[in-house]
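Look for chain A in each of the two complexes below; its partner is chain B in the first and chain C in the second.
So, the complex of A and B:
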């Protein structure tokens, strides 16, 4: 009897605090850190900006999360590249993933250099981008979709409805498609070489990945009529 | 003398007799003439006070608690002096910190729960505070807000509002004079927050609800945000608590000096996952890194090398002397884990 009473009491406590708990849980999902922990800032320039604007006063008294192994304050550090390496990684083989992406960048450099030296036209030469990182950023940017199709069931039928997507999801899809396209290769071809080719193509707004994005956009346009199914 | 009085009184008596009023009163007045004398009056007999048992018990309890606290205080002071004597220190300048150190020395305890370890503190911190008698024997409360049930809390809220109104009045006079508030004098509360609910309850010696605490918080915020809140600085500072600061929580180790006179710090047993190692940082240094008597190429992976040279970067970014770092590391497992070092001077 007493046990039942305590159980009911605990349920009441949980119910009372549920409203408090759920946004708390949603805010930092599966993170080990409480929500008020801040990300460490590695780059000196960003730190100086914070000091200038006075934001540092608010952050100085908040606890910071531990720095990750793939973060450093060197100038070569790039958050997007790190994210891309993580997406390439399988089974926690960070060394392999990082090696592949670095080799892909090396390949990009070689290909671009070849183009550059073979080109005679001065104007065209100036337009050739040699920095692999710039090409990578451009490629990711060019492959980002704006809308996506989601299946929505109305009247027993599943319609593919065009819906807007968040910038983060858009970026994720772009990088995922690039990696998928690099995997669709001949057995003799190396992944890092195919990835390099894909990145260069995407940066020039052609190639398989950009086509995939454009096909998706065409489908969204075609299914425009179902757009109102979002709100039924 | 009485004849004269009667002569004065008689016409009015006749009038009243005619009107049938005040007769008996006057008669008694005539009979019982008061005697006026110069000697001090005899004290009137004390009326017996009917104090209920509950009231008596309440007052007794309050008195007992006061006496108990006084006694404890006396004991604490004497005990402090004895302790100072034992430790060979001056009893007059024996601070709480000294007491804590002395107790730690005399009663070393390895208990995990720090609150279970022996301590010696002033009785106000040890015993839960109780309010003194809130009303006198007649039942009349001393505090004007007694009947709110939380007089100290509501008094505090009234105080805050008083400060707010004062700040408004001052602002009005300043506006009339045409003077703007000085931004340099404005209070900076970026490293502080209001005291938490438990501390507030302990200070007020009252239990307050969550909503009350929120009201307190928002009202204090309102006061603090006013341009002339610096005039109520003392009041605001009483109720604020500093947030943690990295510099204060982190205690940097002190450097040792080797034969050449160069400062160095060695951190032993740095660990991450299965990796173990000792790290030595020397200053002034050359920026060279040695790992297990080898170059940075000891690490086959670029990421590990980056992490190690990160330390050089951090120190260089802070414009500190370049240093030489020695990492005496033991072999890692297949996962190529690297050590994270945060022990820089």
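So, the complex of A and C:
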């Protein structure tokens, strides 16, 4: 599937002659399902909410897509973690990506437990976070930028203009920066260990990724004179 | 009349209730009583019985030294470092073997135990529990941590000088002698442990008859060239000492079936495979596992992981030991190590939660039991990322 997508990306004919393709393909890309199929609801709590509110009556008789392999009703499932695993994945190697993220979580637990057992102060001990998913959510939250710079051309000159970004894009940038920071490592270091260190640092508002976000915000602040170029 | 009876009854009830509250656990938080259910207060393996099965006991720091050069699996050592303590689960197979060791008639020929089970069911840790018991009961311990390290990951080879066509594993033999010495330090100081015959290594080097056993061990450690021969000599001396009643021995070998698997990763100069019957070290331990001596017990483990992956077909002893191995070990007592029982599984999950390794969520136990098939190794892997 991934091979077909890369082939399509590289295929110049399709890139150039998009208008020639049928409106059927243009509507929903390479999906195997017709457009009126709905996404499945795989979480039990959301299903129960739908039953309570009565919304389920509308969805019950609509044709539904099959659940994906990484979706289940277990409590171990986390949509944000699944998204992160997808961003880590290269060449469709989902098993490797999932293994790396799981090892990173294990490393987070080991590092935090070591700190916990070394610490003598009861108050400090209570503040050390031991759950890897909580640290992951906190790290992603702390690395989200609010503004970003886009190049806008006015009078032959390209200016870097600060613009607001959508929450989805912000979340994507946060996770992408975390993965890039984990890749900038010594050759002897493992990716999953570096990722664990980056996540712990980001959750404590320290480290490279938070610095990158703060640098971006500083640049936006410095370029605020060009903000009106958004509307010319 | 009735009034006085009633008041006496009330007074007696109140007094007994007061007595109870002195020792009551009702005031303590629920977590503490849960702690006690999976942890055993008995840290001494000499006193472990079937009542303690399913509970964890802690190995004290001083007694952890028997595993300094091997004995605990690597993943378990990492877990012990993270949890800040070394806790083993008391399981039925090891308690059975320990009870047998207490009841055996040591004047009769040696009894052989073969521990078998599926991959990851807890055979090595079962052996570790038995070793701890042997250390406490002051046995002379002859322990091979993992035969696969010799047959499949040997450090260095050399041709044997004394035996025609045999291969010596010098560094591995010397490392084993260091391990033997560290496990039996308190016993080797005994002046009664003397060598029964002369050992002539070369024109100028001999270990004379009557010198202490530790001299033989030291010679092997210092002169790598003669390390394998030292091990063979040491095996014979230990058998002699046990027969004459100077010491009680426990021979513990993990991955024993690797001594009979022909496709080792020990290669000669021209990439020729060396079968285990042409390795000097094998001689020593095959002679130790015979039943021609007494005042000893032999506990071995047969494991699929000790052989090549393409032959991981069955976990049963007859397949793993092969024809020569089975004929060598027959008759033996087979000990089956199964996956966790529901009680052991709950105990393990309670331990992980108490050590803050896993955070609780609803229906966690049922879900993990299904996913891991109650296999201890699978459970450890699943809980790693939780």
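We take it that the second predicted complex is superposed on the first by the 196 of 232 C-alpha atoms of A that agree within 3 Å, B and C clash if a C-alpha of one lies under 4 Å from a C-alpha of the other, contacts with A are read in each partner's own complex, and residues count from 1 in each chain.
By definition in this document, contacts are C-beta pairs under 8 Å (C-beta built on N, C-alpha and C of every residue); 3 or more make two chains touch, one makes a residue touch a chain.
Fair warning: this is a prediction, and the values are worked out from it, not measured in the lab.
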### Task
Evaluate whether chain B and chain C can sit on chain A together after superposition, giving fit or clash.
fit
### Which superposed partner A:74 touches (first chain B, second chain C, both, neither)
both
### Task
Examine A:169 and indicate which partner it touches, taking first as chain B and second as chain C; both and neither are also allowed.
neither
### Task
Return first, second, both or neither, reflecting whether A:44 touches chain B, chain C, both chains, or no partner chain.
first
### Query
So, does A:131 touch the first partner chain B, the second partner chain C, both, or neither?
second
### Task
With the two complexes superposed on chain A, say which partner A:113 touches: chain B (first), chain C (second), both, or neither.
second
### Query
Does the superposition put A:63 against chain B (first), chain C (second), both, or neither?
first
### Task
Have a look at where A:95 lands relative to chain B and chain C in the superposition and call it first, second, both or neither.
first
### Query
Minimum Cα separation, chain B versus chain C, post-superposition (Å)?
7
### Message
Considering only the contact definition stated at the top, list the common interface residues of chain A for chain B and chain C.
### Response
74, 102
### Message
Per the contact definition, I'd like the list of chain B residues that touch chain A in the complex.
### Response
188, 190-191, 243-246, 301-303, 306-307, 309-310, 313-314, 317, 336, 338, 340
### Complex contact set, residues of chain C against chain A
78, 82-84, 356-357, 359, 361-364, 367, 384-386
### Query
Tell me, which parts of chain A touch chain B in their complex?
44, 57-58, 60-64, 66-67, 69-70, 72-74, 94-95, 98, 102
### Query
Along chain A, where are the residues that touch chain C in the complex?
74-76, 101-103, 105-106, 109-110, 113-114, 116-117, 130-132
